[in-house]
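Heads up, the next two complexes both have subunit A, just with different partners, subunit B and then subunit C.
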Partner chain A sequence: MILAGKRPAWARGLKPSDFIATAVLLTITLAIPFIAYEQSRGAFPDGNIAGTMSFYTAFLVTVGVFALLTMGLNIQWGYTGVINFGVLAFFMLGAYTTAIITKGDPQGDFTTYIGGWGNDLNLIPALATDQWLPFVIATAAAALAAGLLALLVAFPTLHLREDYLAIATIGIAEVMRRVVIEERWMVNGSRGLTGVPQPLGGLVDQSDYKYLNVVIVGIVVIIVFFALERAVRSPWGRVLRGLSDDEEATAASGKNVFAFKTQSFVVGAAIMGIGGSMYAYAFSALSPDAFTHLFATFIFWAMLMVGGSGNNKGAIAGAYVIWGLWTISLQMQGYELGDVIESRMPFIRGLLLGVAIVGVLLIRPLGLLPQERRVSAWVERRVKKERSTPAPPAET
Partner chain B sequence: MATPQTISPNLGDRLRGFQRSAGNIAAGGGLWAAIIGFTVWAAFAERDALTVGIVLGAILALGAVGLTLIFGVLKFAHFAHGDSMMLSAFIAWLLLNGIIVGERAGSETTLLPVTINDLPGADSAIWEFSFGYGLIVAMLLTAVLTAGMMVGIDRVVYRRLRRRKSGIVIFAIASLGLAFVMRSVILIFWGPTPRLYTPGIRNRIDLPFDVSVLADQLFILAAAFVVTGIVYVMLFRTKLGKAMRAMADNPDLALISGIDTDRIITWTWAVAGCLIAVAGVLLALQAHLDSELGFALLLPLFAAAIVGGLGNPQGALVGGFVVGITQEVAVTFDFLSPGYKFSVAFAILILILLVRPRGLFGERS
Partner chain C sequence: MNSDQRPPILTVEDVSKAFGGLKAVNHANLEVAEGSITGLIGPNGAGKTTLFNIISGFIKPDSGHIAFQGERIDGIPPHRVFHRGLVRTFQIPREFGGMTVLENLMLVPKDQEGEHLWAAWFLPWRVSRQEDENFTKAEEVLRFLNLHQLRDEYALNLSGGQKKLLELGRTLMCNPKMILLDEPAAGVNRTLMRGIVNDIKRLRQDLGITFFVIEHDMDIVALLCDRLIVMSEGSKLAEGTPEEVRADERVLEAYLGGQVR
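Coming up: the complex of A and B.
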């Protein structure tokens, strides 16, 4: 207690886990630009600062997109304890919904897809600075579509044991992938969709778009983050947390378990839909090859488990850490690693993700940022008020 | 005006009520009639697809019996089942010819100094089969190795989680993590290129009633039959099997009746490991060795286990055939391209979950 008293004001209440998390985040934040800068010396004798900035910004855009998906998974698994092994389905649905809404009519002989309403949705031309309205509509539609799909999956499975839903989500992910690949007329099959318009894309040069994109994605992440933080501290969020802690006790206190689980699953899926939408804007090209189980489902589980289930900050931190390590491993390919490792790098990454999940479960089940104790916005306001008034003399 | 007060059940309850009544109607022979009707129709209209379906069904049945045993005794859904099947198929491939991917992707190098194919006559084809006795030896060796691997994984991962009294979802996530570890191991050692045990043409055999099958498929059926027989005897004629079934029924009761649950769990993994290995090798013989196949295979496997009722080995056996046949016959329809094979399995799974979540034989709650 004496030691705690000597800490400066900002460090009071910090736990050792906070320092681990800070150290990891800091290392990655420094390592990525540093390696990029080092490698740019090959072409530029003094190093390429602008290129490094651009690289790091593109990295942040991806982290933002993945943070959205991980937060969606966090609502489902972290807060409610509902398993979703088919993030891919909602991610993909969100991305493709966005693409077909914002794109114009199909061009050329080898492109067929439904939708293509981008130009018709510019409903209020006076407000349309390079079409922002279609993008808002498309993102909302992506969230809606993913939410509806979640509702469809939830109905037959959610009142059964937890693992049935897990199996069903794997199934829906597989079906989504198959439909996209097999039904050419729908979203152009395995050729994929390219040239998805980017919000406010006309305002800046194409090569500088990432600087604008990072702001847009950042704003969406912040909105979703604060909405979720408020939601989980509401009575609704407390029921979800009760469900993940002790389902029977929650049911016994008169809560409709099925309804709350469904709501959580749908809300989480809608956020994944938004994440998919942001993915479509950020990368502007979609292909079913990109949506593999590893890359579109499993990586988000690794992010959430490493970051800390049941903590939205943890979800974001996990996305940052895992994607940071992924990026560093990609950067490593610039160095001579030997053929054995170099030709297997993608598979080694997959192996490490799997090991990370199992390792976190065995060694540090709470992740980098463990779930926070306090659960009520009201209590937090009270605590803050008490803190701001001078503390009574200590008893010990 | 006062609003009329009616006791209206909420949506969830109403849904469950609907499910119960729908399940009862379907249980009154509806599902069985559909399955038998479909099979008989397929026997006349799509005989080739039906034959392949039966072969695939036998393989799925082996996998699903292992899955359902694990579920029964350990009470969790083993999401690494499909990938461990593929991994054991690749282990058998390694034992046969000792080859792994070399330094660069695409090149090959030999890992094992002595392989099964070095045995005299191990790779000369028996009868009309495409393989020699080497494959059978490799399959048996792989069964032992896979059993050891599954027991080892249980020691390192699942036992620790059990000691911590983790929820079933934690087990599910751990097994998913392991599934990706296994798949990555396959990719690291053998690369993404699909492979075959033996190259060359497969001999066809004409059977009565205008049925023609590959000789290898006859072997698959026979092997599946033998293994199923062994597992049946083990489960229903030995003390070990009795203890396993007791644990599946009621683990607490089993514990206080003096059953060494740790030992039973170890044996369950060993038996499941053997089943995984045999199913994996047979699947690779029927199709090919492919790292991509493992994860997607979870759908037909779980569909088979759920059709039979999770935890019910005889049910899983029947479920395997139901799913295998439906899957193969359904994709002969014009509107379903073969790519939808696993989606058909998923459709069966959802249908069963909707009308009869406890499976075709599920009367126990």
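Coming up: the complex of A and C.
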């Protein structure tokens, strides 16, 4: 029994819940390739490496995109304690901004975007998809658009108390959704947008693009992770952590509460915009139906809670675990279980995911990777240095 | 009124604040002399803490003026009052529970470059240098308050008295001109508090910091303060040296049943 009795040296200081957290991560990591194989058998009855890999890479890309969105939420809620139930709005704005800027002329019934001038924005068709700069510009534009929306939203709402802010942000998300669906002259309404070009798609064979897709999203996740770590593990992040603990004490310590909350809200939203941009690239098509409150807002809350609020690594782990569990539960569909269960399977999946979230949180209330004890990276290094050098003789 | 002392650093002029029908502060007029340790006493509900909240910018007064070093500070937000050099503690400690004791203190210093995003990203060496300075200062303050052994503990886990000390410590991190202390001794070990009384006097002596202190423990008040202001029912009732105030019949009445009239 590894949980009791004598432990090897590396395991000392670990809590039982550390083993459970590790077990959860391991289980998901081992199960997903199997699920990918099983799921791709629908299309390739004998099983097929290409099918398995395209399922597996799509899983990884989705986790990467969701990790970006969860990191954005982590800045707002995890660090600063600003509630945002409207992640959807920034996610969607980022995705649509990127799509409009990069994709070619409108096709089908509708011939204009944004009343016509959106047609002139096509950066990519003029350029081949083997160039990286236009895609970077489109992603930056997505971040900027989402950041600007956040700034607009911040002024009337960030003075509100938490519960009012929650309602206000839900309202903003719903407005965004309705405008996209109903105002068809803007972005093609409920038909969505298709044909978003693939970044660097001209460089590889189409059938191998899925691997490049994983690499691109992975690189963006890594860049965003390190940029956020650097921002947050500093005096800036310390003020944010102060705000989430006690706003009045932060004000009494001379910090401009509203300015810092706004910065945090805007930075978080810009990261969500980047996440949206990556979503548009990764899946080449946008449908407003995909942006539901559950799958474009609350799933990120679940990921953040399970992964560890206030820890960027936790945000990534949470995206991996929640999307992993959701993917595993996919396997429950397609068995002959009788009409009563089969027709309700999507809801049962949701239910089981909920149970899993509650289970993880009961065992590890602060998430799989709780926030670090020290905010400032400098302080962390300093304290470690002190521990590694022998203490000077006590003065008396 | 304080003709024998230095000019007032803080002037509260005809300040009123009502919560609904309750007049918490009612035409209060008072002055705190520069370099003094002035006590603010009075029965429960006299409006002492409300007055502190008004002075420090957390509550806007309904009417009246407050001047600090000759400049008006009523109506400006708390962080700007702080930047004028007027800092406060809270009656019920408001620690940053999710941070270590050390970083509770390191949060406070003014003009930290690392509080700007671009500096955190692009000027790490300057951020590090300031962190080093603030770390040294925080260590000093922690030794001063006998909290050094708790440096890496979450502030949440401190005892009530230790949290009060941490509150005091925060005010020492920013070179203030004046400190408002709201019941600094509540829950603090008496021997330690006597030490802190001496330290407060030393801070006044060495750095010229003015203190304005709400305190219920009359022994501490007598040891600490050179002037007392007595509040009752939202306005100033009496003022003087501790001896004068003790001899004042109106004060006794206010404490022992004046309100029950």
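Just so we're on the same page, the second predicted complex is superposed on the first by the 302 of 396 C-alpha atoms of A that agree within 3 Å, B and C clash if a C-alpha of one lies under 4 Å from a C-alpha of the other, contacts with A are read in each partner's own complex, and residues count from 1 in each chain.
Note that in this section a contact is a pair of C-beta atoms (placed from the backbone, for glycine too) under 8 Å apart; a residue touches a chain by one contact, two chains touch by 3 or more.
Computed from a predicted structure; not experimentally measured.
Chemist: Tell me which partner A:Arg41 touches in the superposition: subunit B (first), subunit C (second), both or neither.
Modeler: After superposing on A, A:Arg41 lies clear of both subunit B and subunit C.
Chemist: Counting only touches as set out at the top, which of subunit B and subunit C does A:Arg161 meet: first, second, both, neither?
Modeler: Touch status of A:Arg161: first partner only.
Chemist: Return first, second, both or neither, reflecting whether A:Ile181 touches subunit B, subunit C, both chains, or no partner chain.
Modeler: In the superposed model, A:Ile181 contacts subunit B only, not subunit C.
Chemist: After lining up the shared chain so the two structures overlap, which partner does A:Leu351 touch, if you call subunit B first and subunit C second: first, second, both or neither?
Modeler: first
Chemist: Check whether A:Arg191 is in contact with subunit B, with subunit C, with both or with neither, and answer first, second, both or neither.
Modeler: neither
Chemist: Looking at the overlay, what does A:Phe85 touch: subunit B (first), subunit C (second), both, or neither?
Modeler: In the superposition, A:Phe85 touches subunit B alone.
Chemist: Which partner does A:Asp339 reach: the first (subunit B), the second (subunit C), both, or neither?
Modeler: first
Chemist: In the three-chain superposition, say which chain, subunit B or subunit C, touches more residues of subunit A.
Modeler: On the superposition, B touches more of the residues of subunit A.
Chemist: List the residues of subunit A that touch subunit B in one complex and subunit C in the other.
Modeler: 256
Chemist: Please give the residue numbers of subunit A that touch subunit C in the complex, ascending.
Modeler: Contacts found on subunit A: 227, 230-231, 234-239, 241-242, 244-246, 248-257, 263, 267, 310, 371, 373-376, 378-379, 382-383.
Chemist: Residues of subunit A touching subunit B in their complex?
Modeler: Residue list for subunit A touching subunit B: 77, 81, 83, 85, 155-157, 159-164, 166-168, 170-172, 174-175, 178, 181-182, 256, 258-259, 293-294, 298, 301, 305, 338-340, 343-344, 346-348, 350-351, 353-358, 361-362, 365.
Chemist: Within the complex, which stretch of subunit B touches subunit A?
Modeler: Contacts found on subunit B: 10-12, 15-16, 76-77, 79, 101, 103-105, 157, 160-161, 166-170, 172-174, 176-181, 183-185, 187-188, 295-296, 298-299, 302, 306, 337, 339-340, 342-343, 345-346, 349-350, 353-354, 357.
Chemist: List the residues on subunit C that touch subunit A in their complex, please.
Modeler: 56, 58, 77-79, 82-83, 87-88, 90, 94-100, 102-103, 106-108, 110, 112-117, 120-121, 124, 127-128, 130-132, 135, 152, 154, 170, 174
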